[in-house]
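What follows is a group of structures, each given as structure tokens.
You will see subunit A twice below: alongside subunit B first, and alongside subunit C after that.
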Partner chain A sequence: MKQSGGDILAIPAIEVKNLNRTFKTKAVKRKSKAEIVKALQDVNITIHQGELFGLLGPNGAGKTTLIKILCTLLLPSSGQAKVLGYDVDKEAHEIRHKINMVSGGETSGYGLLTVRENLWLFSQLYGMPTKIAKKRIDYLLKVMGLEHKKDSKVRTLSTGLRQKANIIRGFMTNPSLIFLDEPTLGLDVNASRLIRDFIKNWVKEKPGRTVLLTTHYMMEADELCDRVAIINDGKVLACDTPANLKKLINQDTTIKLEIRQVQDLSAFEGITGVRSFTHSHNITAGITKLKFILDDDATIADIVTAVPKSGSKIVSVEKTEPTLEDVFVTLVGRSLVNNDI
Partner chain B sequence: MIFDDYEKPSKLMMNLRAVFGRAYPRVIGVNREPSWLFFETFLPLLTVAAFVYFYKALDAPAQYIGYVIIGGAMTAYWMNVLWHMAAQMFWEKEIGNLELYMIAPISRMAILGGMALGGMFTCTVRAVSTILVGVLLFGVTLSLPNPLMFIGIFIFTMIALYGMGMMFASLYMLWGRQAVHMSSLMTEPIYLISGFWFPIKAFQNPEILGASKGLWLGTIASLIPITLGLDGMRQCLFPGTNDGFLPLWIELLALMALSVIFLILAKLSLDYMEKLGKQEGRLTMRWQ
Partner chain C sequence: MAMKEIIQKNIQTMKWSAWLGWQMESNWTNPFKFLVYTIARPIASTLILVVMYLIITGGITYTDQFHYIYVSNAFFMYVFWVLFGITWVIHDDREHFQTMKYIYISPSNYFSYMIGRTLSKIIITTFSIFITLAFGVLFLGIPLSLTSVNWPLFLGVMIIGLLSLISFGLALAGVSFLTAKHSGGVNESIAGIFYLFCGVVFPVHILPTWAIAFSKILPITYWLELVRRALGLGVGVDTALASISTETSLIILCVSTIIFTIIAFSIFFLGDRLARSKGLIDMTTAY
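Right after this comes the complex of A and B.
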């Protein structure tokens, strides 16, 4: 499929229809049966050019499988997936000219080569003239604050610096569509912020540039994404702007409760009117944070009553606006964040 | 602007750039880790020396020392094909590079070609040093009355050999660890039947296999390009010794044919394995 001129931006960056992907896992013992795992089930998503689109889901939800299909690394079991108007199965080569991918925790490249040499190597896989490649690499090294490490061997870099180099590798080819699979995984606050700012600016700089981002960090999705799809067990549960997703539970009441010396959290289970609740422990401070999504304000009293039953004391109670995390908990039934801090 | 589009190179130029790009780490690796040079050149010489002293102790004809030196030099290429070329895609997958190669808009043959080119460069360093030591330490005399034939034999040996390595690479890519054991399995038997330490015509000796069986074994061994390559180069460098398996021009033609066959097989198997890998999800699955 080819279009030209003004029509180009009208083609969806990604168009996925009734997409399914199953994996057959090998049996370890001869007598046991091979297992069929449904990684994606009837997925339908359309992402427009120029969008910064987020995929949110727990581990094993199917995010990476979807990205690998769209990157032409994996074939769908059934259904259709198109990238920039090209079919991932039949027109993979056309897609590859226009995309790139960066994964979090990636250890690509060769440790013996310097950062600059590694980046140059990957630029050559896209046929980039060396002069242009070096200009782009130097520019991006500067933007990413990695200029001082350009002549260091990759194997000497910290995780954060290596991830910055990976980000440069993905963006230096100037792809029309880039897949970022947990790009800030394991990075410190400053490095994450730098990468988020870079992604935001990159999309704004030129019309039509598209990003498909998967992340575990709700705040990241909320800050960056124009639209978000929540995916669990291979199914898309919701897909909309962060604001609209929050409206899904806007009529609900969200309260944050901080309690001390909690002994038994079961006191908070089964309270009528509680739609979901999550908790996290700050072990050093001895404080447990509870977050409740309630049908209405009337239930707050029942929760406060349950505090003494749990053997604890209230530190603070706060009524909050719903976040993307709350939407996720409501739809998926569990939190993405670690429960113990 | 820094990200303005540039004139897209032709398909050929794209793939050539990819070849040189992928060859780069191999070439640079030798310079960055000088210890490799020591292990790659000095240690193999010990095996060569063992065979040289063995032949000297037996009062074998003088050209046998030369045969061992050439065999020792060519060992570098065979080991490179088995351990670095064939197994490389598997290791690229393990270290996380394969995905990036697979989403790049270039031929997979260009990636393998780059590995081959880089591998040939490093092996040539080792091969040349082995020959130099042979000449200086063991007094081997080389003569080259037909340099064009020698160059032809060498070049087509390399193309056919690395073509075979490319074919193995695609198999190893999907078979994973089990395939790596294939490399171990192929090391010593090929040393024997390809005649790394003696001319394969020796199999036809009545005290070994006899004319008929020796001819058959040599013919089967000739499917591995290094067999005819070794035999051809020995015939070129030690003319008039009458130890050649087949006439030189037949060996050259056979190597040409093997070059074409292995490159085609490599392309076909790579395409097939890529498709299979995408269907089964094994292209990106590590720890197989």
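Right after this comes the complex of A and C.
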């Protein structure tokens, strides 16, 4: 134990300094050279105990690589990473007593075992006392609405139910720090909401509990996280509370425009005063939604003028407050949502 | 953490991973079908060799040569299933069930977990060998008598032999950390090498000189020889080890097992470290 008594909470849950991680990709042809991919570049992050911290970034940004290093699955190439005061390389065993991890979008679990047997196995691998393990498994099965499936074999469960079982596996060991890598990926609205509520309550239940969450969903990060780091191409572009991040573009004007029968979106490109713009199409309704982040209100007139040039008609115009999505677009230069589509 | 507590935790890990191994082996069907399969599988695989032998020799089963082959093949099941099984655990956990990363980051010792999974393989294989020997005694005239078995030698040799097999398995597991689809080929090749060089089907002395030298450094060669001597079966066959006394063979088995265990543990921990360094602990390769 590094410190005693009340000082324990003074140790950062995560402390990352100048962290780098490179991967060597195999040469496709014999004569071609292997490529070095920089997954993380000089990453510096400190996460305090008791925080619900979000990592936002597109696919390949380095979020999962960072989580894998912190949960002792992967070694850093250079730099330092400490979890609850312990070095991820030299003191992995100490870290493993205090952490757990849940990844979304996968079908992990022993399909031949029942939900309860799977959970029981992991409780025993964590050395949980029998009574406590039984109690926690029963409690979490109830909270996650999986009680009726406890004796079903995991292979018979839907993706959503498997993910709920996976969430229980992660939380039942009562970790001081839990890594949640896209925990609601591919889940329906109700299941996602249930899991988000559970995470929020879990952190509040006991001081010092820490969550590091990666997500594609801006709304999820905005709703859950005390602080958020935006990461792209292995670099941390910004790290602050969602409110403070929004203030970065608060002086800017954000407008949403709905137009019909658009033929040429290039009419909206290169307008002076537009910092960034994103678009999505609703093909069924024949409507295109445009979102602009502007330097000032004066540019609105230029945008409206560009609508006829694009061959379309205005359905609605709305001036909005900036969202985390807008911050992301401003910093990264593209929308996370559009990428996913 | 006190030594006693560390030992207790490792035993608990082995116990539950052995339980998992048993569930994975047995839980795919109902108990009756599983029992039928467990009995039929070793008999069927043994009969392949028996039928081949009978065709070649014209149906003679009372020779030392037949007893030699029968007993050696029965006990070689340990080699195949332990080596194959232990590497398959890494494959299955990592790529099929996607649980390896969660087990790996748990406070349990992954090494102990692997030993536990191996123990379940050993228990199941022991049952298969028992069935095979019983079948041989009842239907093929294998002259195995419980009263003529040198039990102290047999039990001692089994413990040391299984330790050496577990070591080989763990070495292959270390390699499997770093490989994907090819692991199956690697462990089958290793098992094939042992099958050829350790005197399973034919005596070691018929091999070329270099191969005899190679077979004499492998603990499995001595293990099978000592098992045959302890059971009193196939001992009339001239093996290259016939001139080595039982005591000397036992000492060589112990020493070679210790050497191979040290090498195997080093390979396991090196493979583990390299896999963590290369990011292969949660690798999936379009299974």
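What we mean here is this: the second predicted complex is superposed on the first by the 336 of 341 C-alpha atoms of A that agree within 3 Å, B and C clash if a C-alpha of one lies under 4 Å from a C-alpha of the other, contacts with A are read in each partner's own complex, and residues count from 1 in each chain.
To be clear about the criterion, a contact is a pair of C-beta atoms (placed from the backbone, for glycine too) under 8 Å apart; a residue touches a chain by one contact, two chains touch by 3 or more.
Just so it is clear, the structure is predicted and the values come from calculations on it, not from any experiment.
After superposition onto subunit A, partners subunit B and subunit C are found to clash with each other. Contact with neither subunit B nor subunit C is seen for A:304 once the two complexes are overlaid on the shared chain.
Contacts of A:174 after superposition: subunit B is touched, whereas subunit C is not reached. Which of subunit B and subunit C touches more residues of subunit A: that partner is B.
When the two structures are aligned on the shared chain, A:136 is found in touch with subunit B, with no touch to subunit C.
Once the two complexes are overlaid on the shared chain, A:314 sits clear of subunit B and of subunit C alike. In the superposition on chain A, no contact is made by A:10 with either subunit B or subunit C. After overlaying the two complexes on the shared chain, residue contacts for A:219 are found with neither subunit B nor subunit C. Looking at the shared chain after the overlay, A:101 reaches both subunit B and subunit C.
By the touch criterion stated above, A:206 is placed in contact with subunit B alone, subunit C being left untouched.
Subunit A uses residues 23, 68, 71-75, 93, 96-97, 99-101, 103, 106-110, 112-113, 117, 121-122, 124-127, 169 to touch subunit B in one structure and subunit C in the other. Every residue of subunit A that touches subunit B in the complex is listed here, in rising order: 23-24, 68, 71-75, 93, 96-97, 99-101, 103, 106-110, 112-113, 117, 120-129, 132, 135-136, 139, 153, 169, 174, 205-206. Chain contact summary for the complex, subunit A toward subunit C: residues 23, 65, 68, 71-75, 93, 96-97, 99-101, 103, 106-113, 117, 121-122, 124-127, 169.
Residue ranges on subunit C touching subunit A, taken from their complex, read 9, 12-13, 15-17, 19-20, 23-24, 27-28, 97-99, 101-108, 113, 276-277, 279, 281-282. Listing the residues of subunit B that touch subunit A in their complex gives 2-3, 5-6, 8-9, 13-15, 17-18, 20-22, 24-25, 28-29, 32-33, 95-97, 99-106, 111, 278-281, 283-284.
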